[in-house]
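By written order: A, B and C. Residues from 1 in each chain.
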Amino acid sequence: MFLKNRWYVAAWDHEVDRQPMGRTICGEPIVLYRKFDRSIAALQDACPHRLLPLSMGIKEGDNLRCRYHGMLFSPDGAVLEMPIKTERPNQGACARSYPVVERHRLIWVWIGEAAQADPALIPDFWPCSHPDWTFDGGYYPIKCDYRLVIDNLMDLTHETYTHQGSIGQPELMEAPIHTEVRGEEVFVTRWMPGVNAPPFWRDALKKEGPVDRWQICQYIAPSSILIDVGVAPIGAGATIANHDQGVRGMVIDALTPETETSTHYFWGMARNFDIRDQGFTERFKAQQGRVFAEDVEVLEAQQRSIEANPTMKLRAFSIDSGGVRSRLLLERLIKAQAAPSLEAAE
Amino acid sequence: MFLKNRWYVAAWDHEVDRQPMGRTICGEPIVLYRKFDRSIAALQDACPHRLLPLSMGIKEGDNLRCRYHGMLFSPDGAVLEMPIKTERPNQGACARSYPVVERHRLIWVWIGEAAQADPALIPDFWPCSHPDWTFDGGYYPIKCDYRLVIDNLMDLTHETYTHQGSIGQPELMEAPIHTEVRGEEVFVTRWMPGVNAPPFWRDALKKEGPVDRWQICQYIAPSSILIDVGVAPIGAGATIANHDQGVRGMVIDALTPETETSTHYFWGMARNFDIRDQGFTERFKAQQGRVFAEDVEVLEAQQRSIEANPTMKLRAFSIDSGGVRSRLLLERLIKAQAAPSLEAAE
Amino acid sequence: MFLKNRWYVAAWDHEVDRQPMGRTICGEPIVLYRKFDRSIAALQDACPHRLLPLSMGIKEGDNLRCRYHGMLFSPDGAVLEMPIKTERPNQGACARSYPVVERHRLIWVWIGEAAQADPALIPDFWPCSHPDWTFDGGYYPIKCDYRLVIDNLMDLTHETYTHQGSIGQPELMEAPIHTEVRGEEVFVTRWMPGVNAPPFWRDALKKEGPVDRWQICQYIAPSSILIDVGVAPIGAGATIANHDQGVRGMVIDALTPETETSTHYFWGMARNFDIRDQGFTERFKAQQGRVFAEDVEVLEAQQRSIEANPTMKLRAFSIDSGGVRSRLLLERLIKAQAAPSLEAAE
């Protein structure tokens, strides 16, 4: 059901410390903890002996001891001690270890065959750690299929209604969008030249008058989305390809499936203006909390409604092209993994 | 599992106002709201686009707009606007509309084929709105199969034990009953000539001494029950067919299945005496609340016990003849709907 | 799934009084109550009429009347009255009765064929009622497979880690164990001659210096465990077979399956020293409450982890020999009951 052999965000960098924490990724319970050298260990969260979660275990230096019978594991899952210390460690009972990389303030775990875990495949979440930008984000669990969140983010027109009390803008519905698939990515681009800036962007620009405005949603399979948003004064020369003339924000979204009907949502926003203004950051986070609550209400209601109406199917209209392309791409990749021999034969 | 092509009570008249409300009837999520002309709209409670419940939607005049992407529906489910307003409304994505009638203070919804929805088929709940009677009632959700409530109501002998702290009367067990099926109705009749009136009826009659007493339970398939109860002074000429010589009450019960194991219970009582005495009404309602709590406790425990004892079957004794006949009638009607072509061929 | 034709503990003697109480044993809902002569009645907890739990019923002397329609049952389940009292009792609708024996302060119920219920088969829980010992215990529900509790108790080495904050003793891990199967019992014996007594036993003995120490775990199929623990001064002549020279405790555990993933745990401890010291008993109970909470946390987490990791299997190491032998014995007995004719043919 899930796309394996991919990197998934397991946690924010600040969530993982020396005490073990458990988190289920794509249905697999995993325990994470930080070593003295600050690198991360990621093991199956069940002792191979009697399956007690290792996240209940006892840290001994960088090693982890099961709280039930005391098997001791190294950070890479090797057995260091059996319950009876004098017995030879049985490496057939080692704990499965997951490739793990900390990058751009996020902890990425590889789900699938460890041999294929190439860090070069980690999506480029540069806005989270770029020195010229400021960034803040949060973790939100949602009780819905992660693909519903992809739909939600790849079509920002929902802001008009879902967020009518906060950030909704009817103008969004009128601007044409361009959708494009490139490899394992989908882009939805909206270029709005010579429009009035909405309040948020006008204040960011500190200037009234017409602007060129853009929204570029980038889906990266299986479940990352980056959204490039902002405005520039007209005549400043901003284009869809190059638009650093005004004020820019980068929204980052990592949607890690926990189960088929629950999602770990890692959300954040970076900006390249007023980056020392901590008050702006805090006010923005407070507003975003309200917006996010509106999305959660809709997404969880949608999940329940899908289950309550088993004979109905989701429909797609023109506004859904971004979500549709993203889902088709994801579906194709999941099908390909189900038929690896066929793939190999081709 | 449910009998389709029938009217079911969805709500009391006072429950439905201009704001949409969701209620599941026979497993089908439905949204109800009142129009400016006070008639009722009833639509499938899932937007045909992405299935968000329309009960979360935004009212615009008599129309309903989905809170997710803003599709706008008329009260009969027609698409008035697509998410992008300039696109032509796609009527293939209209919302299913349910025939709905407000009658006798209740909102009735037709589950099944709309073409067959004849308001003449609505059960006659005249006591709820008769000018010479006073009426009050309430809504109670119960976590049990609606058929267990039919059993409960078609055999009032349970009052002796279940309600021994409130309205139980051992005399009820001794009076013979007569059970009769007429079309899609079942009658259980108990005629008790020359008995002592129990306290409630003695006070209603404002007179001591022997009375003729009756209980007539009328089951109307699939899930309505009217119970005609009362006493008349002996010699006043009351008969089973005509008994307006004394004091009369009409208990009305509509048992609308929500799911296979939960029921919307609409209960009320009308009386033809002291109809201006609001204090009597309130005192009676308070007592009835206690009686009802006793029934809910029994019915929900029975449901759990049925699930916990899967090898046991419900048995029927002589007192159960009303419930047995009602269930047989209901079962026959449900079977008939499963084999419509056979029916047609006959 | 459960071993039938065995005695299971349904309750402590003090839990059952004249008011009926419901408890599910091996998936079977049972109602228990005490008669005037203080013997116990145990019936199926569902009225054969409409399945209302009889534990909601009304006691009339030693008989039990259903709260729904008033069927009256004798303590052995015979029908004494039908809902209509004048009808002849239909013994085809009697309530199933369970053989029940009160012994050693526990109420034992026979699950299976009543004809085979021989009280001589009740496990000998003598420490609960021996005049020279004092005893106290408690009832604890746990949300896990009862076999996980057997594993837990037949390997006390887990005390080192699970109970490291309370009673854990690393020395336990070093002492060799002897495991032996005798009929339907498994013994795990640990004899530690000339060791330092841990604080608890040193205080019990009221004397410092080396002791002989023992732990003898006795599993009795399907789900009873007695643990003989204590110390004696060296040179006092204590042996594994005879060790009344010092201070002794007997831990008793009855693990009655409620469902496949929940257990009624009846725990207690008897001792043969300071038997009039009620303060010692109370202090010991308070400590044991903390120890027990540690076990519950581990056992319920293990149960959840087993469900979350369906592809993983429990492994057994040398320390698990007691649990492994007990499980094999239990499995063999359950298989034998599934093929009774084969057994009979042998």
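Just so we're on the same page, a residue touches a chain if its C-beta (ideal position, glycine included) is under 8 Å from a C-beta of that chain, and two chains touch if they have at least 3 such contacts.
Because the structure is predicted, anything quoted here is derived from the model rather than measured.
Undergrad: Taking shared residue numbers divided by all residue numbers at the interface, is the value for subunit B and subunit C over half (same) or under half (different)?
TA: different
Undergrad: Go ahead and align subunit A to its copy subunit B using Cα positions, then give the rotation in degrees, nearest 5.
TA: That pair's rotation angle lands at 120 degrees.
Undergrad: Measuring centre to centre with CA averages, how many angstrom lie between subunit B and subunit C?
TA: It comes to 49 Å between the two C-alpha centres.
Undergrad: Mind pulling the residue numbers of subunit C that touch at least two other chains?
TA: Where subunit C is concerned, no single residue meets two or more other chains.
Undergrad: Can you list the subunit C residues touching subunit B in their complex?
TA: Listed in rising order, the residues are 24, 29, 44-46, 48-53, 56, 58, 65-70, 82-87, 90, 93.
Undergrad: Quick check: in the complex, which residue numbers of subunit B touch subunit C?
TA: Contacts found on subunit B: 151, 155, 157-158, 160-162, 164, 173-174, 297-298, 301-302, 305-306, 308-309, 312, 314-315, 317-319.
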